[in-house]
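Read from first to last, the chains carry the letters A, B, C and D; within each, the first residue is number 1.
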């Protein structure tokens, strides 16, 4: 799909192979077009938001010490899996995109000067 | 943060180190609490959705051959960066969470039988 | 809350009275702050998106003739109810905000000229 | 579109007439299908979320006394306008849907007993 960097920040090659086979074995490829996956991503972000909607910031920060921790982990994974599929069906090298965006952010938001 | 698997599907260790330093150098840690990051994630998903909102499915599938490709890559990266930060501040091992969710999905949606 | 227009486009006064009493009777006011309600709104938009995520445009347009129609109606109502609550807790006159935005849109997007 | 109630909680008839004419005059009807409007709604919710993403709950509650108030009003209006369009293109009577959902919520969450 893309020439991978010598110095990647993330390596998603094995995950992409697993997800490609997972979709193929279930005949899901025809459903996994960009707009469908975007609506699915919106749905999963909504499920993650619902876990936190009535919590204070303090409760949110302590959530992984509660029985809701597993639910949080699953929804974070779901958001990531649909985002990965969006990158895959669009042919986006996620590592390259992330490295480029971090460089852009570094120029836009220079580090604080310290004495 | 977590014991990493012998057989990870994704490796985010270098990205996490970069993002930790990036936030530290800009005094952003106090802003990066779970609910703030969730609203930021919602914002970035919204920006990604806006690129596709008036496109047909065919136009969406062909978008990476258009001048909008770079914008798409940047928004996909932004969504991922905030999701990674959510995982980091909550102490979630993204690789373990993803592997667990794929196993759950494999049980929930068995592959199609083929003759 | 606000001086209502002589020519409103929407009238939400009765709904606002009902929702005020509904929240009061359940001691929900302390939970209904702007950021909580925004996360709740995100959750409901996600639930609406999930109904449509694997549908074609043609299936989506025909959905109200299917057994999913009632589910769609409920999720549209849920999105609206949280948006109304956001307007209420922020003291926003929704009718005035809507009329102002339509005027802005009319200037930004002039009607097509026709012969 | 629908038989309106004798006791509506909201009245959107004039808004619907204005939006119908607004879309017609700009040839927007072909773009305003359910999935497009859902992605547009997601985009506007994202813009609203971005206003609040780095604010504390206290700052969020005081936002309408700041110069950001007008921006908040515009984004709340944008979210509502796309939701109204979704209801319109699907033929949903928003008032009926809202009244039904409030009745469902009243049964699901009975008021607190008081002595």
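In the analysis below, a residue touches a chain if its C-beta (ideal position, glycine included) is under 8 Å from a C-beta of that chain, and two chains touch if they have at least 3 such contacts.
The chain list, named the UniProt way, goes like this: A, B, C, D = Nucleotide pyrophosphohydrolase.
Source: prediction; values computed, not measured.
Novice: Out of curiosity, which chains are bumping into both chain A and chain D?
Specialist: The shared contacts of chain A and chain D, listed by label, come to B, C.
Novice: Which chain pair is joined by more contacting C-beta pairs, B-D or C-D?
Specialist: Contact tally favours C-D.
Novice: CA centre of chain C versus CA centre of chain D: separation in Å?
Specialist: About 1 Å separates the centre of chain C from that of chain D.
Novice: Starting from the mean Cα coordinates of chain B and chain D, work out the distance between those two points in Å.
Specialist: That pair's centroid distance is 28 Å.
Novice: Which chain B residues sit where two or more other chains touch them?
Specialist: 35, 38-39, 42, 45, 49, 52, 57
Novice: Would you mind writing out the residues of chain B in touch with chain A in their complex?
Specialist: These residues of chain B touch chain A: 8-12, 14-15, 18-19, 22, 25-27, 33-35, 38, 41-42, 45, 48-49, 52, 55, 57, 60-61, 63-64, 72-74, 76-81, 83, 86-87, 89-92, 94, 96-98, 100-102, 104-106, 109, 111-112.
Novice: Using the touch definition up top, name the residues of chain A that touch chain D in the complex.
Specialist: Contacts found on chain A: 35, 38-39, 42, 56-57.
Novice: For chain D, which residues are in contact with chain B within the complex?
Specialist: For chain D paired with chain B, touching residues are 31, 36, 39-40, 42-47, 49-50, 52-54.
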